[in-house]
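Let me begin by presenting the structure, written as structure tokens, before commenting on it.
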Amino acid sequence: MSIVVKNLTHIYMPNTPFESVAIKDINWTINDGEFWGLIGHTGSGKSTLIQHLNGLLKPTSGEIIIDGKNIHSKEVSLKTIRQKVGLVFQYPEHQLFEETVEQDVAFGPRNMGLPDEEISKRVKEALELVGLPYEQIKDKSPFELSGGQMRRVAIAGVLAMKPQILVLDEPTAGLDPRGRDEILQEIVDLKEKQNLTVILVSHSMEDIAKIVDKLAVMYKGEMVSQGNPREIFKDYQGLVEKGLGIPQVTELMIKLKGKGKNVSTDILTVEEARAEILKTLRRKGLA
Amino acid sequence: MREITIGQYIPGNSLVHRLDPRTKILVTLAYMILLFALNNFYGYIFPVVFLILATILSRISVRYLLKGLKPLIFIITLTFVLNSFMIKGRVIYELGPLDITYEGLVQGAFMAIRLILLITGTSLLTLTTSPISLTDGIERLLSPFKKVGVPAHELAMMMTIALRFIPTLLEETDKIMKAQMARGADFESGNLINRAKNLVPLLVPLFISAFRRADDLAMAMEARCYRGGENRTRLKELKMTFIDMATFAVFTLFAIGGIASRFL
Amino acid sequence: MTITAEITAKDVCYQYTNSSALALNNINLTIKPGEFVAIIGPNGSGKSTLAKLFNGIFLPTKGDIFVNGLNTKDKDKIWEIRQKAGMVFQNPDNQIVATIVEEDVAFGPENLGIPPKEIRQRIDEALRTVELTEFANKAPHLLSGGQKQRVAIAGILAMKPDCIILDEPTAMLDPVGRKEVISTVNKLNKQEGKTVVLITHFMQEAVCADRVLVMEKGRIVMEGKPREIFSQVEELKKHGLDVPQVTELAYLLSKENVPLPRDILTVDEMVDCLCQLL
């Protein structure tokens, strides 16, 4: 399943003194099975953009095409679109409301009108996908869980709808390093196991560099670049000017190269940096 | 929802903006009483002229002032229509079983004008007075009644906090609503009972969040040494000046004119 | 008498009423006037609880906390303690009381009964320190997260405390906001001479501290200068914490016998060291 965003513009409160252009003329194609990172400063329009992908916001102009059809045309039901494109908001634990974990995760599938049997099957699967023990947790109140567990329950609530595309808005915000690494790993596993298309919004360049295949950069409402993260992170100055950064190790290699050292700057992770520096040292016979 | 101008303060430095909030509150109250004391069309000349004068001095655009009427047009029209039908008198038009009477039309117009003047007058108060000085004014006006158990300070503090958190909670409502819609929730269709039921996934998280915020805020206020209104000072002390006195005097003249018109 | 300790914790334990485990287990520590102490640890390690004991929001179930020589259990002194040790919280939205920035900064001094003229001076000074003078008349909900946290800091500064405790002030901010807040915090300590206690789980933010405390399961498990702490990469990872990428890289390379110092904290330090080798 693919999403094509075509000339998308969104203006908040048009024709009032409060009118503001949130995103401008966005063109973006997300193909089946891709793992995208979406970065941009606060207020760059990332949230506005992703809320168009499942029809929560309606474009002021332009269109969103999913599987060849404009999602706002009459023949397409937005309910189906929202099932196909699962959207996990920032701090998703704030949307929990049911008395038990099981009921909360079942909210989505129930809204889809699925039979009870199918619902319980999906709830169980979804909870296991996010690494929560179904039997132990299903009857607990979501509000007595730890922060990290609550977030997992909320993500399971979206997964239970069996989306083909999963959009996550800063899924690690507010978590400590261990919690962050666990959630990121789960997202990577999920993508593999469920063969999902994933779009990950994040402020952490280190996290993004570690896991995504493709990267899109937003700046002041426009999509200023998209493509391979290795290519995009080469533009260190440009990204810093846009209020963004690059992974520390990439910065390190670029700065070493700037000092005339013969190293590759095509480095995204600590492991890659380690290998590259060792290789360079060996070439010089130093290690 | 965002079009409602009532309660929306437009910063400025006009004569009206600079008035003591107590003056503005008291004059607005007196103005409202005056509106209800009038019994004929001629009497409206006085509040209308006063309102026009105040609007000019406030430098608030008339368009903006009238925008406050927009959400209430329905009520104004309803008042007019109901009056037109209900009052017995000379029939000028028959609409099925209903009669429109001359007296009804007159009474309807009279009531509609009263409503319009009431709304624009109070909007002018809130457009020119920041919520915080409005609360300050109310607190000061109520403080003489503290002795008889009116919690003036507490009421004012509650209003301030409510005003502070309205934008935050509106934003939060929007976010939770969207998050539930992303899970297939439907807030827009179905009959009344179903719709009310469908609000549960919105209201429960909203209440939980509001309570959490209240908890946090209480802790933050205590950490900043808040212990009620006793021995508190204020950054901005209210002071009545010459222009406040002049405002009272001018309004009194208009009010006398209005009352006199009753005996025309 | 000169005060030799800003904050002292003596055999402090704390237990939440609805929990069987100790949130804090026998904490002993002394924070000196003018010191910048960073407390790091994973969620649930007790670091926020400890912060809330420092200005008497919670009282120890066992042991004592002294602020400026005053026991937080002393009910008559609690307001003095809170004025001396101000506190900034995690959620920027939930600690701003007023609808106008300067009115909010005024809130603390108003509670202390400071005369209006002096409140005015204090607001101007505090807003200047956090570099938000031009925002004095703005509504807080229109500010960015980083700006809101700086308003909260200004609100504390206006109470003229000796010590400022910041309880995960950056946890809910984006990288730009985080930088703003951390550079303000550094300024408070270095230029304004305030004692600072910074609670965080981002290691990079602790780099400028005089001393780092690592907490886990209600205990202080590591303590030392930032460089001493950060060079112990494996130990930190064991406690569920993280180090800056370059620190980890230096650690991995030195395991391969590359002669690098293990206490590298910034990209530029690493560049300098590697330049001599490559």
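Letters A, B and C mark the chains in the order given here, with residues in each chain numbered from 1 onward.
In this text, a contact is a pair of C-beta atoms (placed from the backbone, for glycine too) under 8 Å apart; a residue touches a chain by one contact, two chains touch by 3 or more.
Computed from a predicted model, the values in this text were never measured in an experiment.
A.B. asks: Identify the chain pair with more contacting C-beta pairs: A-B or B-C.
C.D. replies: Counting C-beta pairs in contact for A-B and B-C gives the edge to B-C.
A.B. asks: Compared with chain A, which chain's mean CA position is the farthest off?
C.D. replies: With centres defined by C-alpha atoms, farthest from chain A sits B.
A.B. asks: For chain A versus chain C, what separation do you get between their C-alpha means, in angstrom?
C.D. replies: So the centre of chain A lies 31 Å away from the centre of chain C.
A.B. asks: Just give me the whole-number Å value for how far the CA centre of chain B lies from that of chain C.
C.D. replies: The computed centroid separation for chain B versus chain C comes out at 43 Å.
A.B. asks: What residues of chain C sit close enough to touch chain A in their complex?
C.D. replies: 42-44, 144-145, 171-172, 174-177, 201, 240-242, 244-246, 248-249, 252-253, 256-258, 267-268, 270-271, 274-275, 277-278
A.B. asks: So in the complex, the part of chain A that touches chain C is made up of which residues?
C.D. replies: Of all residues in chain A, those touching chain C are 41-43, 146-148, 173-179, 203-204, 206, 243-245, 247-249, 251-252, 255-256, 259, 261-263, 270, 273-274, 277-278, 280-281, 284, 286-287.
A.B. asks: If you look only at chain B, which of its residues touch chain A in the complex?
C.D. replies: Going through chain B, the ones touching chain A are 2-3, 172, 175-176, 178-186, 200-201, 204-205, 208-209.
A.B. asks: Once bound in the complex, which stretches of chain B touch chain C?
C.D. replies: Listed in rising order, the residues of chain B that touch chain C are 11, 130-132, 160-161, 163-164, 167-168, 171, 212-213, 216-217, 219-227, 231-237.
A.B. asks: Touching chain B in the complex: which residues of chain A?
C.D. replies: Counting only chain A, the residues touching chain B are 13, 16, 18, 51, 54, 56, 79, 82-83, 86-87, 89, 92, 94-97, 107-108, 111-112, 143, 157-158, 161.
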